Structure formats: C-alpha cells, structure tokens
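To start, the structure under review is shown below, and the notes come after it.
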C-alpha cells in the first residue's frame, strides 16, 4: 500500500552566492522510517529547515496528508502534525521528567497544575509509546543522554497529534548501548503508524532502521533507495560522494623520521585507550563523526581537558598539561574547530590576534613595541595573503578563510613543533582552502609534526600520510592514504564497513 | 553620518558637555580655576579606586570589595603608625599590603574555588566589613592626631602648588595607562576579558593572570585608603563603601565612550571627572543635601542607561 | 548516573554545617529551643522573607548566574522608599492608610517598570541596573524623609506589629498567606512553570513557545510588588520609617535567597528555599545573641556562609558536568 504522507516537490532555495537546494524532491509514506543522507553541505539541514518553516523556499511545494500547505510556517507545520527532534536537547537540567515533557504545554485546572495527572500521563507515554520505564519525578540531570533524548521525543509527541517526526542526528552523542535504547523507542513509534525522517551520518544505523533512503548531493537528489538492505551502505556512499578528489592538494611524500608526539592508552570520558604517534615531517589525520571522541581527544592533548589515565610524550619526555599554556610552552599549537569562540579574540585587531601567543618577542621591558608587532603582523598578512591587507581591521569582520589564516599566522609566528588542526577548513572558501593546505604541507616539509582532525574525508585523504579512524570513542582503524578511496574512509567512519580493520 | 551613528559614537560626550555648559551657566563660580582644581582634587581618591575596578572589569570580572581594600589600606597604615611607630613609608607599604590581602582572598575564591566574581567579592565585602567592626569594637574610628607630617602630606601637601593627592592619582593613572593600554600584560588582560576561552587556547595562563589582577586591583585601592586616612588623620571603618558605585559607574561610562566599548583608563578618568563635576555642580547650585543625593542618583542611572544604550546602537 | 560519594557529601555540606550550628546553639542556650524564641525568629524574619520572595522570583525567571542571569538588588530600597512614602503621608500629610498605600504602590510600579526597561529593553546587566537604581531610590527617599525618622501610629500598622490572629503574631500569619500565594503562583500554575523554564534555559523555553521576555519583565514587576508589601512590615517593625536600613536588608535578602538554593533538593533557587533561608538567617542572629556572641561577628559569619554555600555549589556543579 502506498500512502504518501509528506510530499516535498521541486524545493529550491538559494542563499547569496550559493544554490543550497536545486529542485529537491522528498516523499515520505505513512508509517515508514525514511533516511536522509548526504555529506556535509549536501542540503540535508536546509531541506529540514524549509520543512520546519525556518527557511522560506524560493520554489516548490509542500504537501502534508494530500493537502498543500499554502504558507509553510513553524505554526502551520506544527498544526499539520510534524514534529522535530533537534540535535540539541533543549532541556532544563533541574526540571523533572514530567516538567520537561509538559514544558510550554502544562495542564492545569482552576486549582493549579494537575501535577499528578501530568506525571501519570508522561509515565504512561514512556511505557506505551516508547516502550521504556521512566519515573516522572527523576531530574533531567540525573538521566543518561539516551533517556534525555527520549524525554525530548516525549515532549514533541505527548499531545498525540504527531504524524511525522523528524530526527536530526539523534545518535550523535550516544554510545552504542544507548543507541539501541533509542532505536527500540523509534521502532515502537513506527508500530503506532507514525512516519519518521531520520537524518544521520551513521550509515550503519540508516541501513539498520530505515525503510527507504533519500540521498542528497550538492543540493540535488542523488538517488533514492526503495529497498534498504544491510549491504546497501557502499551504494549509498558512492551516491553521496559521487566525485573524484579534485586537485586541491599538493602532493608530497614525507619521509617519516623520529617520533615526536607519542600517546599511549590515553583515556577520558569520551574516548578509551587511544594510542597514536606522530613523527617529524609527518601529517597524521584523525577521522570520525561528531561524537566519535575525536574532539575530546584533541582537547585532552592540548591540556583543555584532563585525561583519566594514559601518557603523553613529546620527544620521548612524558608531559602532563594542566592548561593550554603549558602545552604551548612544550611546543604545541592548536588551530581550534570553533574559530569564532576559541580561535580568535573577535574584537581585537588582526595584528593583536597574530601576536597574541608571542607577545614577549615583540616587547621591550614588557611594553608592546608596536613597530615590531605591526611588522610581524604585516609580514604574516603578506605571507598568508590575509585580506583585507589591513592589520588594524577587527578580526570579527574578516571572512572565515581569512580568520583561519589569522589563527594559523599566530602559530606560524610563535613557531611551534607540533601543529594540531581541528576542522581546519570548516567555513573556509575554496581559494583559502588551497592556500591553507599548502601551508600545512610546508610545515611538514620544515620538520613540524602535524595532526589534522577533520570530518571531511576528502581533506584527510588529500592532506595526510596516515589516517586514524575513531568510532564511538575508540580508534578502530589505521589506514595509509596511498590508494585510499573516499568511500572506503566514509565506510570506516560511519561504521558502514563490512569488516572493521584492526589496528 | 546619521543622527543614530552620532549618538552611538558621541552620545555621552554630548551629555557631558551639556552638563558642563549648564553648570557654567547657572553658577558663576563653576568655571573658575579654583573650582576646577576642587573638582580634580575631590576626584583623586575615586579615580584611584575606579582604576582598580577598570583592571578587574577589563578582565571580565567585577569587584564589590574595593571599599574593603580601601579600608584595610587605611587601617593597616594607621595602626602601623600609631601602635608600632613605623616610618611613614613603611606604613604606606604595610597599608598597600593590607589591601593586597583582600585581593588575595578574592583571588583564592574566584580562581581557586571558581566562585563567580560577584558572589566572591560580595562575600569578601561582608566578611571584611565584619572584621572591621570587630577590630574597632563596633565601628568607632581609630584616630591618630600626631601622625608624621610626611604621611599627612599625602593628602594635604603639595608639590609646586599641585596637591599631593592629585599627583599620586595622576601617577597611578599613568602607571595604569601604561600597564593596561600599552604593555603586553594589559593586552593579555584585555584578551581574557573579551574572550576567555580564546585567550586560553592562545596559551595565555588565564588563571595566573586573573589571580595577579585581583590582587593588583585591591592593592591599588589601598593607596586610596592611605590618602583618605591621611586626610582626616584617622581610620574610619566602612568608609570605602561609599566609593563603590561611583567607581563602577565611572568604569562603565568610560567604556561607553571608548570606540570599541571597552573599559579603559582614559575613559575611566573622564567618567570620574564627570561624576566629580556633577557633585560639584549640584553643590554650587546650593541644593539641599538630600535633594542632591536624589539628583546624583538619578543622573547616575540615566548616565549608565545611556552608556549601555549607546553601545547597543553600534 | 550516580555521583560519587564525596560529591554528594559536598552537596549536603552546607546543611550539615547549619545543623551543627543549631545543635550547638540549642545546647549552649537554654532558651534557644522554645516557642517564644521561635516566634521571635519568625517575626524578625518577616521583611526579609518578603523581599526574598521578590528576589527569588527574579532569579527563577532570569537564571541563577549572578551576573548574566536575574538579580534585583533594588528590592530593599523599594521597600524603604514605600515605607517612607506611607509614613510621610500618614504622619506629615494626614492622609488615610489606603491612599498612602496606593501612592506607594504607584512608586513601586514605576521602579519595577524602569528595572524591566533597563534589563529587557536596553539589555543592561541586571546587577548594574538594579544596583544603580537602588542608589537613586535611596537618594529620592532622602528627599521624602529629609534623612529623618518618621514615626507612625496608625492602628493597622500597630496591629501588624503587636496584634495576633488565632494566637499567632499577625505579621507571621499575613506573611504565611503571602508565601502560600507566591508558592502557588510560581510552583503550581502553568504561568509559574513557564517562568521557571525561562530561567532554567532561555533557549529551551523559547523553543517550547514561551515568550521569555515577557516573563522577565513580569518578574521585575513582581519584585517591586514584593518590595511594596514588605514596606508595611518594615514600618511595623520600626514603628515608622528610618533612614539607612536598606543595606542590612540587602545583605540578608541575598544571603537568604542563595542560601535557600543549598537547601533545595534540586540545588536551585526556589521560593521555599528563600523562605527557609530567611528564617535560618534570622535564627542564627537570634541564636548568636542568646549565647552572647559579639554582634559584630555575625556579619562575618553571614559572609562566610554565603561563600561556603556558593563554593560548595560551584564545586558540585563542576564535578557534575
């Protein structure tokens, strides 16, 4: 029986300079779990936001239950029975489960809140609709992440009017055990005839629970899988990737030399038993999805977070960093993933940002020697081609690519032995990307050890000598980039590989 | 330039000029040289405390205990002079160290125990005021009529006709300007105040800097306490509290007239002089003491609101 | 997810300290554990309880981050100016109590509206806005009273001071009713839950369709309202309005409200917590006097208690995240 619940036709949406969606179709049938996959920037979140009424489409139509929505607004979509489970939980830590489920839709009589009734209703909902036991009196902060996710789902569905639920990366922060818990709830919802759109990077999950899958690539439909089997992942990956790696990357072979950074069985909350070595002249990549523990690993190496056990050695000497300043003193530099929050002091000038880590070298009797600091900044600005070529410009006003060059320039100026780059080209335009890659390459040539953590498989393969793959807090594979295909790497990071490669 | 951008850039300056013209108009005395010197002299202590506050606010904190540091500076110095017969410069040193003690407590609470600066310094304020009351048996002043002339001169002396307290305040102001606006220490403090996480990633030892800055700020306020005690030849418990709001207000007014809205030394100087001018002008208008209190309170709220509004318009 | 034992201990540490303090007071002073003392404690706590209700409301709606969240330091000043207006009207202008009360209410409403405008409209930090407002209000109060004490002999006010209802002090009964009304509104209605959500997480509340700005505005108006109510009890306690009483009240209000967070099972500011906090603070003052501790030390002890509570809260939340 084909019974279409949602039909999005020819959706087009452009932003200044970018065509984000180009006549995309998306159809969801009643009671099915429909997967939506694609690489970063393929248009998944854009089409979800169009459906949510957050973005207004330039063209196309949205039909729900056979009726065309005249005006797609958050209100009209909600009234039509569509609910969204955002990636962020949006819960109040000190609220109880019941209070969280009914937030903004509390039930009350003339005498006040019907606390008991709401609690009973919430607990019954968890039991019957999600197939789990959860006390309405528990505080959110005492729950695990998976249970919080269920609370978030209950909040969206408690009014029993939902026909279609959109999950945006629901498992990103979960461990595999917790994922099973969530999947049980999702299957239970399906039994009740609720349709779902499931957006995820984890292809293993997609093939596990989805009935059909729509693949997007560069803002266009790149295929639809009407039958999904456990071994459909490779076909999906080639639909998602669909391109050869372009000539973005300089090609140089590095002769690996003495080890510089050695990590042995490092453990923390988000990852377990991680060991890795980076040699001089070497560029090592870390691949992994959001939530794989990649981010915490970088933070721990740099002293932003404390490890629970394990050792870190630099040039054979064991180190323990209590703060980034100590890591910097030991010769490490970090280009952080959240450039605007951690990388730059946005309201300081380009010159100040470039000099921030090496102020001592441009000072006399602790007073800033402005001529020297400006000379350094001007030189960096020339070397890295930072635009505008005005070192007094406020960093906030620069484009993403130029901001990243400023962060890079700071560490080039400081002269570190180990460069850690976390998502070095997120939000960076293609031109600047090429330049940044060249600089990374040059660093390695000069004997610097480079560790690159990235969610862009193409970038890692093009840039690195070796890649370590993290999945759910563990390093599951180490691969050389020679003859490594993007689809193989994607398969490894998404857990879609038939066989896990042992380290 | 639109009206809006003129307001965003010069709103407060225009208000300050308007008040200045107004007082010149209503009071013939206001514009005289002697009266202008009066304003500056009356602003000296506030300026010193406001500078300490500028340092803390530039680093993204707040210090509600500057009054306690002021009092401790005065108390330590007066007791050193009176009970231990210390030389005047030793007493000054001891006073400043007494103030630094207050800063040390703040630093331990904020950096060590990670209490928010507001709560921590509020707690220090309560503990400090109580200690002062106990020490003085309920808040009676400790007076010392026969204090050395050199110490007394901190407040009443002059060099080439310029009052010593003005010279001291100017010197502190200059030092603060160099440290906060020209040195690499100041650059790092500003970076911490703007974006603590980014400063941390850039390798600045954020905790160490915060620790030092809180102590430095309190020590500075103690200098104000020295002058205050020299002026009236006694230590009056809880006298420092009255400077708190003026100091905060001066810092925020100063931030509003900065092109980037940052707390800064020159701005604080302008803010202090503005508040001094308001107090002086209201006095000259011959207003009743109570009415003066009400008016200066209202002007304070309005100036702060304007300062904030001005930054929002950018 | 269970917390390690050491952390749970740290969480209840303030409560243990208080329990020990009271046990000590009970043993040291023969009169401390008696009904008379209890009445004295509750009567003394009344104005603090009421202003703390106001502050708790603002903190609940604004979040408990002291600088970025909600705080209103102008409530005691509001109480003082309302008391001054009422006393001035009754004693100097010969007005009736209802008229005086309405006039004071108008003043409180204006103060609440200005606070709300500064915080929500201009996005000024609540701390700075309400602190400077407090100074301005105290200044205006000086104009009204000429910095003098104004005695009040109005029957109703005297009844609130001395009278009893069912054998219990009138002020205590009235305050209890007020506390119940506040509790019902904030913890037992949809409106109150939405206000709590606003303070708990602004983003979460907005995504649930709650108009957060409106709730923050309302919280400042309610705080001013609490100041207005408190003024009557301030008048009763002092048999008139006296200058310079706001500073001590400010200290007790902040202490009571944030102390209350340590008593609440969820470790957040609640109305019950604030009320309990105010009573505990009052009990400590009475207790210390009854065993003859130097009265000047009480400020030190209160300050140390604030730090203790806040420090243990910061240590436990640090461990949790």
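So that you can tell them apart, the chains are marked A, B and C in the order they are listed, and the count of residues begins at 1 in each.
Note that a contact is a pair of C-beta atoms (placed from the backbone, for glycine too) under 8 Å apart; a residue touches a chain by one contact, two chains touch by 3 or more.
Note that the structure is a prediction, hence the values are computed from the model and not measured.
Chemist: What is the chain whose Cα centroid lies farthest from the Cα centroid of subunit C?
Modeler: So the chain farthest away from subunit C turns out to be A.
Chemist: Select, from A-C and A-B, the pair of chains that is joined by more C-beta pairs in contact.
Modeler: Answer to which pair has more contacts is A-B.
Chemist: Quick one: report the Å distance separating subunit B from subunit C, using the average Cα coordinate of each chain.
Modeler: 30
Chemist: Which integer distance in Å separates the CA centroid of subunit A from that of subunit C?
Modeler: The computed centroid separation for subunit A versus subunit C comes out at 45 Å.
Chemist: At what distance in angstrom does the C-alpha mean of subunit B lie from that of subunit A?
Modeler: 47
Chemist: I need the residues of subunit A touching at least two other chains; which ones are they?
Modeler: As it turns out, subunit A has no residue touching two or more other chains.
Chemist: Where does subunit C touch two or more other chains at once, residue-wise?
Modeler: Subunit C, residues with two or more chain partners: not present.
Chemist: In the complex, go through subunit B and note every residue touching subunit C.
Modeler: Those residues of subunit B that touch subunit C are 62, 109, 113-120, 122-131, 133-134, 137-139, 245, 248-249, 252, 288-291, 293-298, 300-301, 304-305, 308-309, 312.
Chemist: Which residues, counting only subunit A, touch subunit C once they are in their complex?
Modeler: Contact set of subunit A toward subunit C: 86, 88, 90-95, 99, 102-108, 112-113, 115, 139, 141-144, 155.
Chemist: Please give the residue numbers of subunit C that touch subunit A in the complex, ascending.
Modeler: Touching subunit A from subunit C are residues 1, 184, 188-190, 193-194, 196-197, 200-201, 203-205, 207-210, 266-268, 320.
Chemist: How about subunit A: which of its residues touch subunit B in the complex?
Modeler: Listed in rising order, the residues are 302, 304, 323-325, 327-329, 334, 336, 341-348, 352, 356-357, 359-360, 362-363, 366-368, 394, 410, 414.
Chemist: Quick one: in the complex, what on subunit C touches subunit B?
Modeler: 65-67, 114, 118, 122-124, 127-129, 131-133, 135-140, 142-143, 145-147, 251, 254, 258, 294, 296-304, 306-307, 310-311, 314-315, 318
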